[in-house]
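Two complexes come next, and they have one chain in common, chain A, joined by chain B in the first and chain C in the second.
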Partner chain A sequence: MVTLAFFFLATTALIGAFAVVTARNIFYAALGLLVSLAAVAGIYVTLDADFLALAQFLIYVGGIAVLIVFAVMMTAQINRASRSHRLWPLGLLTGAVTLAGLAYVLANAQWEHQGRADTISPMVGDAASPGLHLPDLLFSVYLLPFELAGVLLLVATIGALVIARER
Partner chain B sequence: MIADLTRGILESFLPIGVVDILMPLLGIFIVVNVLLGSAIMLTYAERRLVARMQNRIGPNRVGPFGLLQGAADLLKLVTKEDLTPRAADRPVFLLAPVLFFAPAIALFAVVPFFRGWAVADLDAGIVYVIAVTSVSSLAAFAAGWASNNKYSLYGAVRGVAQLVSYEVPLILAVTSVILLSGSLNLQKIVEAQGIPFILVQPIGFLIMLVAVTAELNRTPFDINEAESEIVAGFHTEYTGTKFALIYGAEYVAALGWSAVIVTLFLGGWKPDIGGLIWFGLKTSAVVFLFFWFRGTWPRVRIDQMLALAWKLLFPLATINILVTAAEVLAAQALFSLEPGEALPVIALAVIAVVNIGLTVAVLALLSRVPGLARFDTQLAASAPARG
Partner chain C sequence: MAAIALEHYLLLSAGLFAVGLFGVLAKRNVIVVLMSIELMLNGVNVALVAFSRYTAPNELSGHIFAIFIITVAAAEVAIGLAILLTIFARRNTVDAAEINLLK
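Coming up: the complex of A and B.
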């Protein structure tokens, strides 16, 4: 049952990803991305990581997809974008580096199942898994990444204000 | 109990493996059909109630008291010609009504109808509610963009701006409830309500009510389908079954969000006696509130609506979270509770008294802010003259 669900979701994710790359229409590409990311959220559910799946859905489908929709909305003549592909060497380089990184991770990952995947409980003081709580971790072990993400968002907000301000 | 009985009957002539798959499907079938029936009846109820408020009669010809009006309307819509404009983007145009309907129905997967009664009792139920409903802004944009009609696009742009803005105060209002109950599970949130959270968290309830009204595109925030300005907004080009889906999805979503408000603030299925009656009555009361808004208030302008979200609701909700967090920490220190343990009724009562006092003070203060007073007179000026 879980295997069946996995193959269904994996196929959907791949079809979505393929649509992102090949679609000429930017809105179709956004929809393809959405399908792909939602299918990945489904895979998290098959791995018993419910909270991760919901976070994936909330941030990527509800957030990133809306962001792309905003970009489509705010950009004039988006369908007449440059088709000359002058930056293809850079694209190739980025793709190759990403592929190499992913291949390295895949080759070196520990694939043995180590109990429930969702050991970090999202709940504040859930009786099922005392000790490890998301907020405690965020404000102790991962404080620096958390603060960095905050600074990044602040910079993005200021940047958006500067770009959007009427001159 | 009913579930066990059904299970026993099915197992008498089917293998257990098949029954295991069939039982959840049966639950989904019942919930979805009850919802669709309720949505049809709600269209009738809204028309009759608003007619009553506006001193009209409303639909009273089809069946006794016009009760079959909704069914008749649905039949008419379904038998209409299925039109797609030639300039429309066909796949997205067909997909948009489904994108509207799916999250509205999916919302009910986690709603706790009674103790232990939910289609799926998720640990992070309230995160699921927010995650699923965040798709609706995409649906609004897909509908408006695919129609290839300038009024549709105006409606879609307004809709996306509105949904994105009001999601912020909505999530912050929900956070204050999570702080009080110490859980993301909707069943546990209901059980933590020794006192209904509307009394403990009055500001949170008010913010949630306003944000949900905006999230549902209901008057006074229905500017993305404002017929006096942009024809019918994002659903201008939709007819027949597709229009029925969009229209029905709005009522199912209204029902769903009302159920969530009842769960978070009105004590859910409590008190224990009477089964589903209390949950049904409370949900109907919140739905009635939305109908009442529609019968009473004029539509706001887009700048007024966005200003309300970002300049009033957002700061208010942030301060509310800080105050609530301080109160919860104080209560935990006083009663020496573990983080996440439900607060005792006495602590909730004290917090309720403090918060109700604060709410009255804040509302009195806000009514004296000059900017907001101007906002009020602008609203009054745009209202139609009373006869």
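Coming up: the complex of A and C.
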């Protein structure tokens, strides 16, 4: 069941990603991004990362994707095709080489699993240690980075307002 | 049906990253480039969470990384789109090849 869900979600995520880079209409590219991000949220669920799945939905699907759709609308070039550079085959080559390199590495690497990879199935219930939750970590061990992230968001908000202000 | 291995997740992650990389390098529309950057960040997040789940399920450190990457990505998109809208207001283009203010 989980396997089926994983392959369905992975395929959806990759199809969405391809739509982003191949769609001629920019609006369709934005929709492809939305589909891909939502599928990745599902992938997080299969990895027992419920909180991350929720955050992914709220921030990416609810926030970033909508922001991008707004930008697509406001720049009013929806009907103009999303063109590629003259040198796009070079980009394709770089992407293909990166993918091949990563695939080669992970076909040959030996990772230090706690147990073997193919015997741990995701979704084995409370394997992600029942006592430990993400918020506990965020507010204790990782408190300083957490506060810094807050400062970063504040700076980004003010910066975006200042940059986009009508002059 | 066989259980899903870490490699499956990593392959998905590598696929998302490579597609995003192609988009960043090949597309001319700055909005599409920003979308492709989001794809790359998502690919990395999948790898981090998968590693966390399979190699250290009791520590959640991969989740912490992913949370902060999502935060930084949100800030990056906000600033990026603000810059983009300003450029569009002044130069009436979102084409990366035509944005040559520094020339």
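The working rule: the second predicted complex is superposed on the first by the 104 of 167 C-alpha atoms of A that agree within 3 Å, B and C clash if a C-alpha of one lies under 4 Å from a C-alpha of the other, contacts with A are read in each partner's own complex, and residues count from 1 in each chain.
FYI, contacts are C-beta pairs under 8 Å (C-beta built on N, C-alpha and C of every residue); 3 or more make two chains touch, one makes a residue touch a chain.
What you see is a predicted model, and the numbers here were worked out from it, not measured in a lab.
Engineer: Scan A:Leu143 for contacts with chain B and chain C and give back first, second, both or neither.
Structural biologist: neither
Engineer: Which one hits more chain A residues, chain B or chain C?
Structural biologist: C
Engineer: Just checking: does A:Ala55 make contact with chain B only, chain C only, both, or neither of them? Give me first, second, both or neither.
Structural biologist: both
Engineer: Which partner chains sit in contact with A:Ile158 here, chain B, chain C, both or neither? Use first/second/both/neither.
Structural biologist: neither
Engineer: Have a look at where A:Gly91 lands relative to chain B and chain C in the superposition and call it first, second, both or neither.
Structural biologist: second
Engineer: Regarding the shared-chain residue A:Ile15, is it in contact with chain B (first), chain C (second), both, or neither?
Structural biologist: Neither partner.
Engineer: Now for A:Gly63: first (chain B), second (chain C), both, or neither, which partner does it touch?
Structural biologist: both
Engineer: Residue by residue on chain A, keep only those touching chain B in one complex and chain C in the other, then list them.
Structural biologist: 51, 55, 63, 70, 72, 122.
Engineer: In their shared complex, at which residues does chain C touch chain A?
Structural biologist: 1-12, 14-29, 31-32, 34-36, 38-39, 42, 45-46, 49-50, 52-60, 63-64, 66-68, 70-79, 81-86, 88-89, 94-95, 97
Engineer: Name, in rising order, each residue of chain A that touches chain B in their complex.
Structural biologist: Interface residues on chain A, with respect to chain B: 27-28, 31, 34, 50-51, 54-55, 57-58, 61-63, 65-66, 69-70, 72-73, 122-126, 133.
Engineer: Would you tell me which residues of chain B are touching chain A in their complex?
Structural biologist: On the chain B side, the touching residues are 89, 92, 95, 122-124, 127-128, 130-132, 134-135, 137-138, 141-142, 145, 157, 160, 164, 182-185, 338-341.
Engineer: Quick one: in the complex, what on chain A touches chain C?
Structural biologist: The touching residues are 2-4, 6, 10, 13-14, 17-18, 20-21, 26, 29-30, 33, 36-37, 40, 43-44, 46-49, 51-52, 55-56, 59-60, 63-64, 67-68, 70-72, 74-75, 77, 82-85, 87-88, 90-92, 94-96, 98-99, 102-103, 106-107, 111-114, 117-122, 127-129, 132, 134, 137-138, 142, 145, 149, 152-153, 155-157, 159-161, 163-164, 166.
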